[in-house]
Structure formats: structure tokens, C-alpha cells
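I'd like to ask some things about the structure below.
For clarity, chains are labelled A, B, C and D in written order, and residue numbers in each chain start from 1.
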Amino acid sequence: MNFDYDAVTLEYRERLLSFMDSHIYPAELLPHSPELVDELRREARARGLWNLFLGLPNLQYAALAEIMGHSPSLAPAALNCAAPDTGNMELLASFGTAQQRERWLEPLLDARIRSAFCMTEPDVASSDATNVDTRIERDGDEYAITGRKWFATGALDPRCELLVVMGKTDPTAERHRQQSMILVPRDTPGVTVLRGLHTFGYDDADHGGHAEISFAGARVPAANLLGSEGSGFAIAQARLGPGRIHHCMRLIGMAERALELTCRRVTTRVAFGSPLAAQGVVQDWIAESRVRIEQARLLVLKTAWLMDTVGNRGAHIEIQAIKIAVPSTVEWILDKAIQAHGAAGVSQDTPLAALWSRARTIRIADGPDEVHRRSLARRELRRYT
Amino acid sequence: MNFDYDAVTLEYRERLLSFMDSHIYPAELLPHSPELVDELRREARARGLWNLFLGLPNLQYAALAEIMGHSPSLAPAALNCAAPDTGNMELLASFGTAQQRERWLEPLLDARIRSAFCMTEPDVASSDATNVDTRIERDGDEYAITGRKWFATGALDPRCELLVVMGKTDPTAERHRQQSMILVPRDTPGVTVLRGLHTFGYDDADHGGHAEISFAGARVPAANLLGSEGSGFAIAQARLGPGRIHHCMRLIGMAERALELTCRRVTTRVAFGSPLAAQGVVQDWIAESRVRIEQARLLVLKTAWLMDTVGNRGAHIEIQAIKIAVPSTVEWILDKAIQAHGAAGVSQDTPLAALWSRARTIRIADGPDEVHRRSLARRELRRYT
Amino acid sequence: MNFDYDAVTLEYRERLLSFMDSHIYPAELLPHSPELVDELRREARARGLWNLFLGLPNLQYAALAEIMGHSPSLAPAALNCAAPDTGNMELLASFGTAQQRERWLEPLLDARIRSAFCMTEPDVASSDATNVDTRIERDGDEYAITGRKWFATGALDPRCELLVVMGKTDPTAERHRQQSMILVPRDTPGVTVLRGLHTFGYDDADHGGHAEISFAGARVPAANLLGSEGSGFAIAQARLGPGRIHHCMRLIGMAERALELTCRRVTTRVAFGSPLAAQGVVQDWIAESRVRIEQARLLVLKTAWLMDTVGNRGAHIEIQAIKIAVPSTVEWILDKAIQAHGAAGVSQDTPLAALWSRARTIRIADGPDEVHRRSLARRELRRYT
Amino acid sequence: MNFDYDAVTLEYRERLLSFMDSHIYPAELLPHSPELVDELRREARARGLWNLFLGLPNLQYAALAEIMGHSPSLAPAALNCAAPDTGNMELLASFGTAQQRERWLEPLLDARIRSAFCMTEPDVASSDATNVDTRIERDGDEYAITGRKWFATGALDPRCELLVVMGKTDPTAERHRQQSMILVPRDTPGVTVLRGLHTFGYDDADHGGHAEISFAGARVPAANLLGSEGSGFAIAQARLGPGRIHHCMRLIGMAERALELTCRRVTTRVAFGSPLAAQGVVQDWIAESRVRIEQARLLVLKTAWLMDTVGNRGAHIEIQAIKIAVPSTVEWILDKAIQAHGAAGVSQDTPLAALWSRARTIRIADGPDEVHRRSLARRELRRYT
């Protein structure tokens, strides 16, 4: 057992931290625009900080994704490591045909286009994948897609060209073989992006929003199917494991950012004759935040190590464990950071309220906490029965 | 001891509940506009549901404010019972000169104009009133106001004509005699409304937003002083007590609304083969929500009763107690309601996320929880020393 | 609505508080013995503080039971208001025949004998009354009782002469008509008190312990049946409602005692240069304790008022609500009181650890929190289906 | 970074687990006696499971101490790895003279005698070491010790021969140079073991209890001083670091034991028609317990690794972090395990209540949580000032 980062990780960390200092944090103060992000991308690429999610083992990437989490609305985009594109690129790399990879993966790796993932549906509890209502029906050389999706992050971005859609090709098949995944160009006739969903009051327009999309018999070539018919559930699982750990890595970084902001704030803000930092309750928050971050980070790192050494299936319990633990832990830390900032904490003058809404939303996204807890408990119980 | 509402309360409750059903809930589904609110106001007034905060004892008003809390962005405005106008009207009624009342109170009671309250400042911890940095300086027949305020709710509303401003007239006076309160027309030269502050992404534009305002030596007639020089702190206290209980009353109503929405949702939403309502964790949330609401409401009602029977000073501990207990309790209930609604819960498709941001913000507004806890503890300790 | 105690309550409170000061608190410092309790009983009786649980409405009794809770191992016994005798006396008064009342109720009202209640069984989840495994079988003029009970509080007291036993007379009857209640003299052949159960490390020997008892075909006259065959479940419900509120009333008093001890302790104990009372975290505990006590007490009082005005059935939800809320609230307050007392808090030098074990145990006794939450949630949900 | 146990650890784990199965768990069911422990000691020694705390690096020992925590009242004693002897042996090994080691360390390593550590005092807040009131005064060739200590664990054991006592040799010296540590034979005239303290009703007699001891000018040879005059605080720090991590390691094991007992219980116990394991709330406890254990264990292991690689001072923050996190985490898990066991959970029929009282007590022992949080927060804040 050894808790040191390896040399590759240490080198990347240093390079990334330097980029954060020289480019990302300064950019946070500027008005966000596509041009700003493009400029950051050029710089990141020049520094060899590009598509890191693809080449590196999870354990090495974890340390870097955490740092990106210090500035989650700029850094991941700047390094082409932002969801949902990362997950979609992984799917194309693993399951795409040569043709699919050429058409979609390459421009995504170049950040020339963006993509969205269409899984959740407004009308059913989507945490239960068998509830998926969208149909993908074969008709000659084409598939026709009919249904309604929402919280398709990124789909409102003008550069978004690809929708990865999950639906049922065979509702009569075995429970986990009914679903398929298909690649749908956003401009396909019958595809209508209806509106953007908000999370708390945020519309996330910078990142292409969270779209509700109607598929009214939209037709795509049969060659657009990702993998084979009936493999949709398995592909989704393959996508969600890494997606969840990426979220958790970034959340750790968000917590570190919040704790740093809090420490800076309370040492300078004075109430009732002394800095807030002298108040026992504030000290309690700081200590507890540090203690929780350390524990959460270690579990994320161990999970990454397991994914690298025994594979995503072998790390299944740990992936669930971090999905349960990290968002709520970070939400707690952000809540205390907000409280320490007073009115500024809930406003746009600090990143805290927006970070909080991310953490809170992740307690629901990719399966609510309760579904993961139930599943993890059942595995635990299975040892004794 | 008796826990029944009296006959007056019961009659008003029925009248208000009927108005909620016939007008408020239907209006929630329409796009909000000043015209919509005006129409609701006409109807409320016709039904004798107008300015209830002024005439009724706190205990009777509590039961009605709770019901308004079912729809906090429409009902209080419709009944002319919305903060910060209510508090400002109370101040004018209690401390205003005849001239001040004629000029400001009458149009406010008629809802012809709106007003804002300017106390919190961005640069100091305003929960400690002695930190207030804004200056109100006498110069001949006028006062000149210099300083910066923020979170002045309502000030961005085009109808807002009055700013009630707290500042220091004598920084050398005794700690609680330095402050004064003054009435400043919004169109006074030297007053600049700089921008709107957000709370968790919400700009609250419907209600006139939360403004940051600069006062650059803005001059008003000396007759605009509210009360006497040095009475600002006492006036603020007089305003904040009722303001806090009004918040708490509405918060109870918000919690009831959330619990009802949750119950309706979970009985119809199916996952893993049964309605969410059959899940033990969801039942736990519902039971715990009910138990917490009942306790919180009773403490709010007792506080109202104390204010009516022994006065605001005699109810000081209880006012602090509800300010500590109710926002965090209701925040907890709203969090569970959001979780029970899944993605819809964080979106604009339910009122829950916006209600949550209100409850969370109130944990900071009018003094953060920590300041009230400290103060309440000191009183408790004083019994033994 | 009115939150004042009535004149009768105020007079009793004063009388009881004076007895606490003159007799109970001093007695706490003496070694406990049956003789000490007998002496306190004589004094209490002389002062008209005797069997108060029987004559007074719940609302008046609540205020007095709370005060008894300041010293729960002495005061209830001294006033002949201690569980399980109170519940058993209520049963005999409500459901007993003249003969049963003469034989058992009279000596109980005189505190000449004690009694135990035998409901919980070691081998089944007794919170589900249909699980009860003990058999009560008619055989001629007698009933034969066979089964095993535990946590029969008081049964190890040498003066204990009566066991009130719940069992099944007809396992084939409708779910809630299978059970009956029967009066079993402790010296009946076939009754064996096997051992005392501990709660945490406490054996509760002062109060007759918590016994495990074997019934090996023990025979009693048919006339010992309490009520009619099949009425056992209904009788148990009748007993548990008041029993639960009595527990909650005393728990409030325990919380007040703990808070007072904490305040006294922290004002005199010095660490790192100032009294503990100056530490923000300690102040937080004190404020939060006060806020929670006030809420919990009001809900208990309202429940008592409901029981008096609409009956135990009409107060069903509220009885569940206090059973859910009060023990865990008071446990929290006791935990903080212990922490404020350091090592003394966990030891026998303060009453806190013993009080804590009472509160913790009540989260399980008379139905664990989870069963009450489930039941309360179902009623809440029923409004919407 | 690597999360595998090394080969040595794996071998020891297997050996120890086999001993637990063959000897410790069966012994749990027998009445405890000194003879039983002696027999277990002989067997452990024969298997090479003896004094492991001394030879092994912290990281290797951590994995073994966790397993001992499965049965904390037998296993540590059986392997001669029980507090406070372990800490005292470490002190003697590090700071003792040849003569001190011969007289005390050797019989302790052989488990022929036992020892106690006398630091905490009843009359002062001992978490602030400068509060220590006991005097150690030089008088010719002797030191005279005057003061009162309590919670001296083990001192009531008939085999206890050594008291390690902390007191002040020079109250006028610099804050952390006033204290010294001295070795006092228990049978020294002037030493009186006054009584045993309880923790939540438990007297811990099996392990020699927690004694209150009076030192009335007890005289020992000057050669009994451990280290030099004024080094007492530094020696205490050296002792407490490893002591704290040992506690935390064992606590993790206690949590694992509780979780296993819970899983076994809920799969077999039926209420309302299905096993408790089918209830969502119970599943929630199990999942959350697993998630918390995994995080806590990793932080303990990392702390052990840091102590091995950068020393106890370098691991200072992490030692504090685990002292803050682990006892309260494990207390939470034990609380849920108790609840899942119903009445049996609070009784002597499961180890849970006793384990709980250990975890709860450790939140106070060796410095209450609040002191550690304050200290950790100050270090965190120091980075920014």
C-alpha cells in the first residue's frame, strides 16, 4: 500500500496547476464566451493538456480531474474533458464502427463539435432503465426514433451535432436486452429541441444547457446504431461508471476550492470585534470539511485504482459508494462555505451557489442516491444469504 | 392552554383558501406579469383579503400568512402582504410623521407604489449592526447619504419609489445610538441602482430583484428622517421581529405545499415495480416532514401569541428560536421533496427548487443562523450566572 | 389559541417544584433504597402529590410529568406515577372487573405492590403485534399460558406481584382479534423469572429491572382474563397511547435537566483560558437544545390537549409524531450535555449517561421509530389516494 | 499509489483471522475470567501473534488491529495489544532507562503484569494539558506526587503494578515544559485507588476498570522519572499519536462486526410479512454504513502510512482527522446496528451496546472532538494568513 502520486501524475499536476494559475483563474473574471473557451483550448492543447480523460489510467486522471474541478465551468471545457462529450467519446472509441468514429469521434476529439446524451425521460422514473419509453424501431435500412428525452446536457449548444439516444428496440426481450443506443444527428427531421431546463435558477447556457427534446419518428440510417441491438443497457453501464467517477473527481476539486475561499474569507471578515475565523462554529466547519474531503478523495482514488486494476465491473461497489458519498459530502461543504460568505455566498459574486447547484443536481443525476444505496445494500446482504 | 384557531381566524382561513383555489393556483400556471398581479389584487381586495398584516393580531395573521406561503411568489403580492413593503408600511405607520405617511404609506397601502429596505452592505458583516458603513450626514436642511447597499429587495421594480435606508448619523455615539433611518426617493440624484443580485441562479425579477445601490452623497430633506437621530437601531429591531415571523409563517406554508406535492408525486410515480410511495425511505421523508412541520408551526404560533400578549421584546427569545429553527427545517423538507421529484425537482417544472432557494437564503437574511444561536445561548446562560 | 397553563396546573406545578427542591434533589445524592422511596412516597402523599396520572386531564398531567422527568429514577416512583404501574393501573381501572380491581388496583394505588407488563418477546419482532407467540389457552375454568417474554420492566422487584401478560387465545381469528390480556400472579407455578436484561450497562435494579420470564403452562383462573377474549390488541393500544405520551413528557423534563446541568458546567469549567461557555460550539449546542425543547414540548402539549378533547384515537397521528420526535430530540440534547461534561458525562458522577440510555432505549420500546414513521407516512399518503 | 496490502500483512491477517475463528469468537460465549484470557494468550503467543504493536510498521499493524477490533474485549488482551499497556510499553521502550525497562517493560511484554496511565484529572479540563494540577516535587533523592487522577484504565486490575503518572514539576516553566512523567508502583504508600468509574453503566471490570486515584504525597525514587524533567508534554504527545490510531483501527473493526451482525439479523428477522432486510430504511443503513467504513478505513491506513514514512509529527493533521472522524462514524454505525436489533441491541445479548459505549467514550477520551477540530481548523487557516 502506498499513497504517493506517481511521477507521471506529479508532472501532469504541476503542468495543470500552472495552467490554472496562468489562464483559467484569470478567465473566470472575464465574461464567458465561445471565443474565450476556444482560446483556452488552444493554449491547453499547446501545453499537452488535451483529451487527458482518454489516454491516462483512471488513477492518474483522477488527480487531474480534481484540479479541473476547481473551476468546473471553464477547465474541463478548456481541456476537452467536459461531460457529456467525454462519455460520448469513450462510447464511440469503445463501441463505434470505423465510420462512426470518423464522422463523430474525430471532430469531438478536436472539439470542433459537441454532443449530447439522451437517456432520462420526463415521464418515467429513468433510474429504472426498464422504464425507458422511447422507441427505436427498425424500418428497412433505417431506424425511426419516437419519444421524449430531457436533461440532455449540451444539446442547446449551437455546435452540438450529435445526440446519443437510448431507447427500446425490443420491449418484449429480457429486461436488460430491450434497449439499444443510436447516434442521431441533431438536425435530423423529426428531432425538436423544445426548451432548456433549469437547475435551481441556472440555465447553464454556457455549456449548452439541459434540453428537452422530442423525437417524432426521426429516421436515421441503420448504420447509426451503436453496438448491436439489445446492447443499450450494457453500453449505458459502461458509460456511467467512468462518468460517475469523473463527476466525483471534479466534486472533490470543487470542495477544495470552496474550502480555500472560505478560509480566505473568514480570515478577513470581521464581526463582533474579531475575524470570523476566530469563531468556534466556523472553525468546526473548516475542520469537518477538511476531514470529509480527505476521506472522500481516498475513496475516489481507490475506486480509480480498482477500475484500472480489476476493471469497471470489479469496482462496481466502490463506484456506487462514491456516487453515494461524494455529492452529498461536497454539498455539505459548499453549504457551509455559502454560510461563511453570507449574502455573497448565494449570489453570483462567488462561484459557491452555482457549485452547490451542481453538487445537489448530481445527487439525482445518473441515478438518485436512494437507488444506489438500495443496490449497494443488496450486494452487502448477499454475502450472508 | 388551547390549540384551536379562533372564529375570526377560521373565517379568514376559509375565505383565503377559497381565493387560493379559485385564483392563485390557476395563476401559477400563467406567465407572470404586473398585469396578472394587478388583477389578483383587485380580486383579493374585493374579497376583503387586503393588507391583512396590518389590522390583525399576529396569531390570526400567522394562520393566513402560512396559507400565502403555499404560493409565495403570487399570494403575498396579491394580498399586499409582501416583504419588504409590509415591513416598510409598519415602520411608516409606527414611526412616520403625518406627512411621511401621506406621501408614502397611503400609496403603499393601495399598492400603487413599491418600496425597498436598504440595510445590508456588501463590504461589511451586516449582521453586526455597528458595522454599518453608510453615512447619513446633516447639512443644513438636508441629509446627505453616502454608502453602498445590496440585497435591497424590490428596488429594481419599476414601481419602486421609496428606499428606506439605514446609516450612521453619529459614529461617535454609543454603539446602538449611532444609526438612523431615512426615507429616500429612488429617483434622488446620487442614487444609482447598480445591478441585481442573484440567489442560486434566480434573479427574482418578478419581485423587483435584489439590488445593489450606490448612494453618492444623495441629498434628501431633513424631514425625511424616520423617527429621531440615533433611533435607527431600535427602529430596525422593531421592523425585524415581525419580519422574521412573517418569513417563518410563509415558510411553514411552503413546507406544506412541498409535502403535498411529494405525496401526490410518489403515489403516481413508479420505479422498480411499485410506486415510490411504497419505498421505506420515501415514507421516512414524509413522516419526518410531517413531524417537523407540526413542531415548527406550533413554535411559530406560540411566538405570535407572545408578541400579541407580552409584546415583541417579551417574545425576543422565541423570535430568535423560530428564525433558527424554521428556515433550516423547511430547507430539509424541500430537499427531500426535490429528491422525491427527481430531475423535475431541480427544474422550473415544479416550484420546489425556487422555494428551496428562498428557504436557504433566509438562513442568511436578517442575520445568519449562527448570530441568532449565539445570542440565544447567551440569554440561556445568563440564567445561571 | 392560548399557550398559558391553567390555574390548576400552575398550582400543582408550584407544589411539585417545591417538593422536588425539598426532597427529590437532596435524595438523589443518597444511596437509593426501598426505604428511601417509601419515605419520599409518604411525603408526596401528604402533599397531595399522589397518583396524579389518574385524576388529571392529560394536558394538566403533562406539565407535572415533565417536572418528574427532571429526576426520572426517583420522582415518578415517589408520586406513584412510574411506569409500568401507571399503565397497568389504567388498564385495571378501565377494563378490570370489580374483583380484579379490588385485588390488584387498590394495592397498586397504595403502592403496596408493584406490577409488570409482559408484551415483548425475544424471539419475534414484537412491534408487529400479530407476531406475538405466547399462547393463552382455555382449559376448563383456567387459562394456561405458554411462552417467553422479556423486557418486563419491574418484574425483578421483590414487591412485584402482578404480571399483565399479552398472548394469543385464538391464532386463527382475524389479525387484531387473536390476542388477549391476562392477569398472572408472579408466584404462579410455571412462571419463572429467568434473568434481568441490561440497557447499555445499566441493570435498572432500582426499578425492578427488565426481566426475561418463561411461562411454562402457567395456569390462572379464567376470571383473570382482562376484558374479553380477542380484545388484547385493543387493550394494548389503549395502554400504549398514554404510555407513550408519559414517556415523552418525562423526556422533555430530562432534556431541561440536562440543559441546566450543561449551562452550570460550562460557565464554571475553564479550558484554553476561558470558560467553555465562551466557545461558539458550546453556545451552538445550548441554543439548539433550547430551540428543540421548545418545539418538542409544544407538540407534546398539543397531543395531550387532543387526547383530552377528541380522545386517544383522534390524537393518533400526534401520539405517533411525538413518539418519533421526542426520544431522538432528547437523545441529541443529552449527547451534547455529555460532551460538555467530558469524562464526567459518561460516568456515574452525573445523571446524564443514565438519562441518555433511557432516551435511546425509548427509540426502540413501544415500537421502534421506523414502525411509527411508516405508519404515520401511510396516513399522510392516504389523504391523496 | 497502490491499495493492496503487502505480503507480510496478508500473511498475518490470515493467521489472525484463523485465530479469531478458532479461539476468540468461541471464547466470547464463555464467562470472562483471567484464566480464560491467560489461555488465549498462550495460544496467541504460540501462533506468533504476540506484541504485534511493537515490531510492525503502523500500516501493517493497522490491518491487524482492525481485526482485533472485531472482539475488542478479548482479542487485544489475548495478543498483548491492549490499551493502556501498549502505550505504556511504547513509552518505556522509547524513553525508559535500562533499569526501568528491565523492571517494567519486560514483565509487561510477557503480560505478567499490567499498567495504567494517569493523565486525566477530575477537577480540570484535561484536554488542555496546561491545566494539569497534579504536582511532582523533587525532595532529595525522591519525588513526591500529590494530586488526583481519574479514568486510569486498568488500575483496578489485581495484576496492575505500574502507574505512569503525568504531573507538573515546574509550574513556572514555559507552558509545555512544566510537565513530567513518572513511574509509580501501585503499592506505593500514599497511592489510594478510590473507586471505579463507569461508562454508560459499564464498569469495565474485565479490563481493570477506570480508576479514580488519589496521590497524597506518594514518594518514589528520583530514578523513576521517565525522560527528563519538563519532557512530560512531549512524551504524552508521543504516546497519544499511536494511541489514537490504535483506537481508530479497532473502531473500524468494531464497525465491521456490527455491520455483519446487522446483515445476519435483518435477513432472518421478519416483521409485517417480510424480513427486515427488505425494508428500504434498513437497506439505507447498511449501504451508508458500508460507504462510511470504506472512507474511514482508507483515512486510517493513509495516516498509518504517513506515520511510517514521514513520522508522527508529519502525520499530525491526519491523526487529528481520524480522531475526529472515526469514533463518530462508528458510533453512527453502531446506533443503526442497535436499532436493527431492537431490544436485543441495547441488552447484553449482543455486543453492540457495549461497543457503542466504547465508541462514544472515545469521542471524549484523548481530547474531545471539539479540541481536535479547533486545532485542525487553525492549521488549515494558517495556510492563508
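List of remarks:
By definition in this document, a residue touches a chain if its C-beta (ideal position, glycine included) is under 8 Å from a C-beta of that chain, and two chains touch if they have at least 3 such contacts.
For each chain, UniProt lists the protein as follows: A, B, C, D = Acyl-CoA dehydrogenase.
Keep in mind it's a predicted model, so treat the numbers as computed, not measured.
Chain C (Acyl-CoA dehydrogenase) and chain D (Acyl-CoA dehydrogenase) touch with mostly matching residues; of the residue numbers seen at this interface, over half occur in both copies. The interface with the greater count of contacting C-beta pairs, when A-B is set against B-D, is A-B. Annotation: 42 Å between the Cα-based centres of chain A (Acyl-CoA dehydrogenase) and chain D (Acyl-CoA dehydrogenase).
Taking each chain's centre as the average of its CA atoms, chain A (Acyl-CoA dehydrogenase) and chain B (Acyl-CoA dehydrogenase) sit 37 Å apart.
One simple way to say how far apart two chains are is to compare their mean CA positions; for chain B (Acyl-CoA dehydrogenase) and chain D (Acyl-CoA dehydrogenase) this gives 52 Å.
Contacts with at least two other chains are made by residues 279-284, 370, 373 of chain B (Acyl-CoA dehydrogenase).
Put simply, chain B (Acyl-CoA dehydrogenase) touches chain A (Acyl-CoA dehydrogenase) in their complex at residues 120, 122, 124-128, 131, 150-151, 197-203, 269-272, 276, 279, 281-282, 338-339, 342-349, 353-354, 356-357, 360-361, 363-365, 368-371, 373. Interface of chain C (Acyl-CoA dehydrogenase) with chain A (Acyl-CoA dehydrogenase) (complex): residues 279-284.
Residues 1-6, 59, 259-260, 263-264, 266-267, 277, 280, 282-284, 286-288, 290-292, 294-296, 298-299, 301-302, 305-306, 317-318, 321, 324-325, 370, 372-374, 376-378, 380-381, 383-385 of chain C (Acyl-CoA dehydrogenase) are the ones touching chain B (Acyl-CoA dehydrogenase) in the complex.
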